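Below are the structure tokens for one structure; questions will follow.
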Amino acid sequence: MQALSEWFTELLADNTIFTAQTLGYYGSGLVTTVQLVFLSLIIGLVLAVPLAIGRSSQRRWIRTPIFLYTYVFRGTPLLIQLYLIYYGVVFFDGIQETWLWVLLEEPFVPALIAFTLNTAAYTTEIFRGAIKATPRGEIEAARAYGMSRRLMMRRIILPSAFRRALPAYGNEVIFMLHASAIASVVTIMDLTGAARFIYARYYAPFDAFLFVAAIYLCLTFAILYLFRYLEKRLLAHLKPLEQ
Amino acid sequence: MNRLLTLTMMGAAFAMTASASVQAQDDETVRFGVDVPYEPMEYRDADGNLTGFDIELGNALCEEIGIECEWVVQGWDGIIPGLQSRKYDAIMSSMTINDDRREQVLFSDPYITPPSAWFIPTDSEIDDVSEEGLDGFTIGVQRGTLQDNYATDMYGDVADINRYDTAEDLVLDMESQRADIAFLDFPVGKATLIDNEEYDYQVIGNMITEPKEYFGDGFGIAFRKRDEALAERFNEALETLRDNGTYDEIYDKYFSM
Amino acid sequence: MIDLHGYGPRLAEGALVTVEVAVLSLVLSVILGLLTASAKMSRSWFLHRLGTLYTTVIRGIPDLVLMLLLFFGGQMGVNVITDWLYYQFDIDIFININEFVAGVLTIGLIFGAYMGETFRGAFLAVEYGQIEAARAYGMNHWLVFKRVRFPQMMRHALPGLSNNWMVLLKTTALVSVIGLSDMVRIASEASKSTREPFTFMLLVGAVYLAIASVSEWGFARLQKRYSVGFGEAD
């Protein structure tokens, strides 16, 4: 351990790029990335549940607008959505004078809005698929108990749908982490933003981008293992019997 | 399966070579790398043609030497790597001569020495550009410029620094009030902010040319280190243009107040 | 009609660039995907590991980071080689990793990893009995591949392929960040100089949706073709 830390200090002392200052940029970039991704996922998740229920509704006037929303947000690049929200909100006359501007002034909030709307659209479709795949037997059993539609949704359909949605949702989380890299195009100093700054300052593309790629790789693995663990816990009843 | 492997290998190898364009270098023309828009130094006019102080001076220099000039547009981020990879033979794009860059490239003599300056909207609350004066405000700079380096080191602890790909993006965020103050080469700030018809901007504080470790020795043409002979020819031509008045003519066209 | 402030022709050119990038990266990714699938199913320990390493690493890194690395770093890497050639042998060549090349290589490399998974699953889904039957007819490896494994594999791979293509199409927007004049970049330039982001961004969004819809229709037809003899496509 002693040798390892000595080796590391030596390595750091010998280079001009990974100084305390630049590591600080990567550090705060990591915090920004995690905040951005975590918040948009949480809000997106909260939005997606009612949207998914509405999307599976029998009534056309509920179903169609939600379908259009998910179709448009899943069919166009996130970069366009980000540009539209970041540059678009400015053109509402007098927005700078309202309280909203306090939020929208920071690039973080427009980016958060774009990411949230995007992930909510994907998550809605994931949940819809899971709700649709509810085994008939479970619904019939719930009806036989005399459950109302509401109660059935809460006690039977949603819990089982959440479990089924887990693997697909895990992919969506990783997708969001990777997509968040584009936040750097609207001046946000996330992980990628930090790497671009350090590249521009030292003309060292390998150091700047390989380092940040390694951090993303670690984050991806962390998410992967978290979801694998969750699947093991929550989907245990679906595992094939051991021979 | 082996057949498939060989076949796809060949296909992949072919696709790679086909997409990486290989071309030999031409001695008769000098290609300049330039990043646009950076008004008034280099930008596109209404018809989409490249123009600006650098472009006109560069063309005049080539004419003096008796060679052809070609301009290659390249984003600022990749402009030095592009020179080293012989995408073009020189950079004439408002590049300040400083020690960091001297390690990478060979500079001509400086051909102009414009100062940097701070720009604010006329109704701004900012009244001085000291560290306390900018505490809590958002400074806009172009990523990877010397203004970026200076602002990052001097104000990084007290102010937010927004880094933009182009000067145009920065202007847009000044208009929408996302950035409170811009730090730019003076001629660029003048052309993009002060001469802006819809919004009123002003310069605050002094023109800045010191310390030299950040602000260097003016703008130079950058060459590959091994091209010393070429750089020398441009230095001589620059000397001639300064003597015969051509330089002043171009200068007045872009910088007369 | 919407007023494009004279940006119409440039936007059309940009749309063409977008389609070019998308199609070329699709070709590259299919080639890499077939290679990866072969490597992962191969009996060689080394090839198997190599395939796994490639798909794992590529799928763990954001596309934009990979693109920036290839665009900026790739050029420097190539420079080292060309400089060496120049100083050693006085050979002066110039290999240009421009925005277009970097974009296509990155997107192809990323989706090659996803295609690899799609193809592997699809090859494994072809019943072994069919291959044995083909061998019994005296077909050699190549014929078995051409007449039995490939067409059958395609039936299973098409849904995944179509899905990958849709994601790939949207990923092309990232080339605008490294400076290629695709339709997103031109739309963003136009919306900045005219101060009308809604006009241009919504238009480009609509073009993406249109391309996606057309290709959805195309894939449905292909699926029908490869499912001949299987009744309903599954």
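Observations on the model:
Read from first to last, the chains carry the letters A, B and C; within each, the first residue is number 1.
Keep in mind that, in the parts below, contacts are C-beta pairs under 8 Å (C-beta built on N, C-alpha and C of every residue); 3 or more make two chains touch, one makes a residue touch a chain.
From a predicted model like this one, the values you see are computed outputs, not experimental measurements.
Any chain bridging chain A and chain C, meaning touching each of them, is among B; the list is complete. Ranked by number of C-beta pairs in contact, the top chain pair is A-C.
Computed centre separation for the pair chain A/chain C is 23 angstrom, with centres defined by C-alpha atoms.
Centre-to-centre separation between chain A and chain B, using Cα means, comes to 37 Å.
Annotation for chain B: residues touching 2 or more other chains are 77, 81, 172.
Residue positions of chain C touching 2 or more other chains: 72, 76, 192. Counting only residues that touch two or more partner chains, chain A has 87, 185, 196, 199, 205. Those residues of chain C that touch chain A in the complex are listed here as 57, 59-66, 68-69, 72-73, 76, 166, 170-174, 176-177, 184, 187-188, 191-192, 195-198, 201-202, 204-205, 208-209, 212. Per the touch definition, chain B reaches chain A in the complex via residues 76-77, 80-81, 104, 143-144, 148-149, 162-165, 172-173, 175-178.
Those residues of chain A that touch chain C in the shared complex are 71-72, 75-80, 83-84, 87-88, 91, 174, 177-182, 184-185, 192, 195-196, 199, 205-206, 209-210, 212-213, 216-217, 220-221. On the chain C side of its complex with chain B, the touching residues are 24, 27-28, 31-32, 34-35, 38-39, 41-42, 71-72, 75-76, 78-79, 82-83, 92-98, 100-101, 104-105, 141-142, 145, 178-179, 192-193.
Within the complex formed with chain C, the chain B residues making contact are 1-5, 8-9, 11-12, 15-16, 19-25, 74-75, 77-78, 81-82, 84-87, 168-169, 172.
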